[in-house]
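The following pair of complexes shares a single chain, chain A, combined with chain B in the former and chain C in the latter.
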Partner chain A sequence: MGKPVSIRNGRPRQRRDGLVVQKLPEETLVYDLERHKAHCLEATAAAVWQACDGRRTVEDIAARATTRIGRRVPEEAVWLALRRLGRARLLEAPVEGPAVGPLTSRRDWLKKAALFGGLSVLSITAPTAAQAATCTTTTACEGLQNRLCTGAPCCTTGPNPAPPGTICKKVGNQNNCSCAP
Partner chain B sequence: MRVSEASALDAVVARLPTGWRPQAAPLVDHLVSYVVGGESERVRRLHLLYADARRLVRTSEQGEALAVLENHLTQAVAEIAPRRLFVHAGVVGWNGKAIVVPGPSHAGKSTLVAALLGAGATYYSDEYAVFDPQGRVHPFPRPLQLRDEREVVTSAEPEGVGGARGDGPLPVALVAVARYDAGSRWRPARLTRGRALLELLSNTIVARTHPSSAMATLSEVVSRAPSFKGRRGEAGETAAWLLEAVS
Partner chain C sequence: MSTSREAQGRQIGRVLCGAWRARPDAAGLQAIDLLEASPLLLRSGSAGLAWWRARASGVPASALKPLHDAFALHALHGSVLEAKIPAAFERLRARGVEPLLGKGWAVARLYPRSGLRPYGDVDLYVRPRDEPAARAALEEGHEALPVDLHRGLAELDDRPFDDVLARGPLVRLGDAEVRVLAPEDHLRLLALHLLRHGAWRPVWLCDLALIVETRPPDFDWEVFLAGDPVRTDAAACALRLAAELLGADLAGAPPRIRQRALPRWLVPAVLRQWSDTRFEPHGTRTPMAAEARRPAPLLRALRARWPNAVEATVGRRGPFNELPRLPFQIAECLCRTLRFVRSPPAIATAPER
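Then we have the complex of A and B:
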């Protein structure tokens, strides 16, 4: 692995505004109110994130995380966690950590992360109410007579996806329903 | 809910969400207005449906207006219900506890719920898991919507597929993310609590509008119930596994 380079101000700071945090016994859930993304931080990633107060160096963060989770967290693991936390927009400023170059491929990073464990930051985009609701497939919609159109959102995934924002409705004088805006 | 003609009331009442009851409260959270159409004296009036001031549909077909009404009311209840969290999921009861199967439309929830009912489970819902703040799940027993290979939907009462209706809140015993994939065998992986919470959140109606309360409620669920994820083939095999796991 290449020599670590310093982050922008040398002391990463966790983002606090616009986040909802839910702690679980082994993980921490973070909801980003601006981007509507939910992140699941494994134990080491969560400990690193919580230690990023803008005053601690990477070395300090490693020591703090080690104390918090009860096993050694090397500085390399902190760098990996900071990189992932930065990508998830959970830090005030992006991290300019060890560069991924010829000697430090993405595969090397992933191997290291697997070796250290607990560094995963899994993210999803939260659904809108319509996305989380029951939808009608295009095939099913077009199979309905126009007096039975459901008015439900049309499914935007699956074998015959409808355009986003369409509902199953009667269009003009057609005998059958259509997915239309 | 208001209607321009009393003659349409019976048809409207038949479309109200499951578990509805009259309220005398003076404040209205959400007003839905149905202006009944029809033909008279060579004048053709369209059926109009409004949610507050927003027009939902304008159609010559009363059946379409009523279908849109039913769909809208169910969705509105899921979005504005106080102290209840609606997650798109199938739910059955077994030995005094609930099995929750979250997933989007067409993931095979209704088919799996029907197989569970056929094996003796009690029916809670094939559309929404309705959670209270303690993480218990309440019944939302609309008729099952079973889809054949041509995507034709048939409504079925739970008794028709061998199940009885559940009638009270249940603690959750197991969460199973089981997506149908023809020919697959059900070999699920155990989910961590955090990943299980993300799976539930990705099917939660108010995930964006009330993330804090949604995550608090869902953490109650995943803190008590083990969660699994996998692809399933035949529903019967998966149903037997789920019931055995809870037993």
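Then we have the complex of A and C:
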């Protein structure tokens, strides 16, 4: 393996602030409260992410992930997962990957790593209709009185979309509700 | 005669058949049903359940992605809400108010996976006399809690609140203990709530199927059936609907539920409601007070509020029999209009729940 680049002290650290995490048996779901983006981490990517404590090296992370998922996780796979986690802003510092040697192209090791599987870090988009089941439109929210604000997420689609991640809540000491951030 | 809208509703029923179970039967799922019903499943908050059943089927993962994404978002949103429930109980208990948690998390927790049953707020029920103190407690503090506070138990006001409270078990939620409705009370409340809102969300029918099939051995059907006989019969019809449309297993239920013949209008009314793409759910409509000021959208607003046969029957406390439903629908519409005209502005702009 070549030397890693763009990684603080060679020991990646999982971002913790501003994230909502839901661990499920097959995947880990993460919602970024700052960027209002949701991600779905497959098993290996989740195991790598959980092992990023800022103290472990890539080699240590591979060993830890191997123990967690019950099959060997090669370092190439860890690098690929780190790169994807970094792109999703789920690490404190971005990771670009190892510097490759003269006999190994970047594409080759990416291929090799991708074959391992379980490394996806998928962005989740809000299906428009799915939101309709539980969201309050901006117009409906602004028509309410503060004691009756629904507290439900505001609809980010439709004729008067609210900013993502907002809820219908009361505004300061005023007597009404708002979808404002 | 079956219409195309009823056929669409049937598709939803076929996709969700048994989807609440820990190991739903994916083999019986038709890919064409799933793909065609997906927009309506997403719209009604049933996408997670559809994904849960379909994930072991041969349907390509790319076709399931929108359903999975909806499930994932519901799971994340649910975990955000779940984290706020203990704080709501703490605030109310500090004022000497013991609330009951119903619907939402209280039923979502029974599903095999979080995210399968979406919910948008935390439904807390308090004694009517405790309502002012509870509301004041919830308004305290810096953080607004997404609580839908209910003054008493509207659907269960034919039984004493204190009896319902006494039956409600404490369940663990993280480090806290929260009081939920007993399964008998919860099943009746969910059945009547479903009917009161015209059964528009298929997932509500899944709730009934889930509670019936996972009920504890000491589940007391007499408690479920006690109270106003008209409501009891309506609740029995709701359970029969779950069996008819989603394949819920009513084994062990009393004969008056298992053998209740559904009126001929009921199933088509529910199927048409499930496939109504123009329907605006309660809580997402522009308040009528705002619509009334603008003549142009008024007709659309009135159409959106035309009660379907199910909610009109429940709203007028009518029997679930073979008589035509139009008189109930007209009566319900008139009553709503009268209520709106008579109510003061502050109430007229309240959310429609």
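Quick note on the criterion: the second predicted complex is superposed on the first by the 103 of 181 C-alpha atoms of A that agree within 3 Å, B and C clash if a C-alpha of one lies under 4 Å from a C-alpha of the other, contacts with A are read in each partner's own complex, and residues count from 1 in each chain.
FYI, a contact is a pair of C-beta atoms (placed from the backbone, for glycine too) under 8 Å apart; a residue touches a chain by one contact, two chains touch by 3 or more.
Just so it is clear, the model here is predicted, and its values are computed rather than measured.
Applying the stated contact rule after C-alpha superposition, one finds that A:169 touches each of chain B and chain C.
In the overlay built on the shared chain, the residue A:40 is in contact with chain B and with chain C.
Legend: residue contacts after superposition of the two complexes on their common chain; A:137 is shown touching both chain B and chain C. Chain A residues 20, 22, 24, 27, 29, 31, 38, 40, 124, 126-130, 132-137, 139-140, 143, 147-152, 155, 169-170 lie at the interface with chain B in one structure and with chain C in the other.
Within the complex, the chain A residues that touch chain B are 20, 22, 24-29, 31, 33, 36, 38, 40-42, 122, 124, 126-130, 132-137, 139-140, 143, 146-152, 155, 157-158, 169-170, 177. Across the complex, chain A meets chain C through its residues 20-22, 24, 27, 29-31, 38, 40, 124-130, 132-137, 139-140, 143-145, 147-153, 155, 167, 169-170. Note for the complex: chain B touches chain A at residues 56-57, 59-64, 67-69, 71-72, 74-75, 78-79, 88, 104-106, 127, 147, 150-153, 192-195, 197-198, 201-209, 211-212, 215-216, 219, 222-223. Partner chain A is touched in their complex by these residues of chain C: 39-40, 42-45, 47, 66, 68-70, 72-80, 113-115, 118-121, 135, 139, 144-148, 201, 281, 283-287, 289-290, 346, 349-351.
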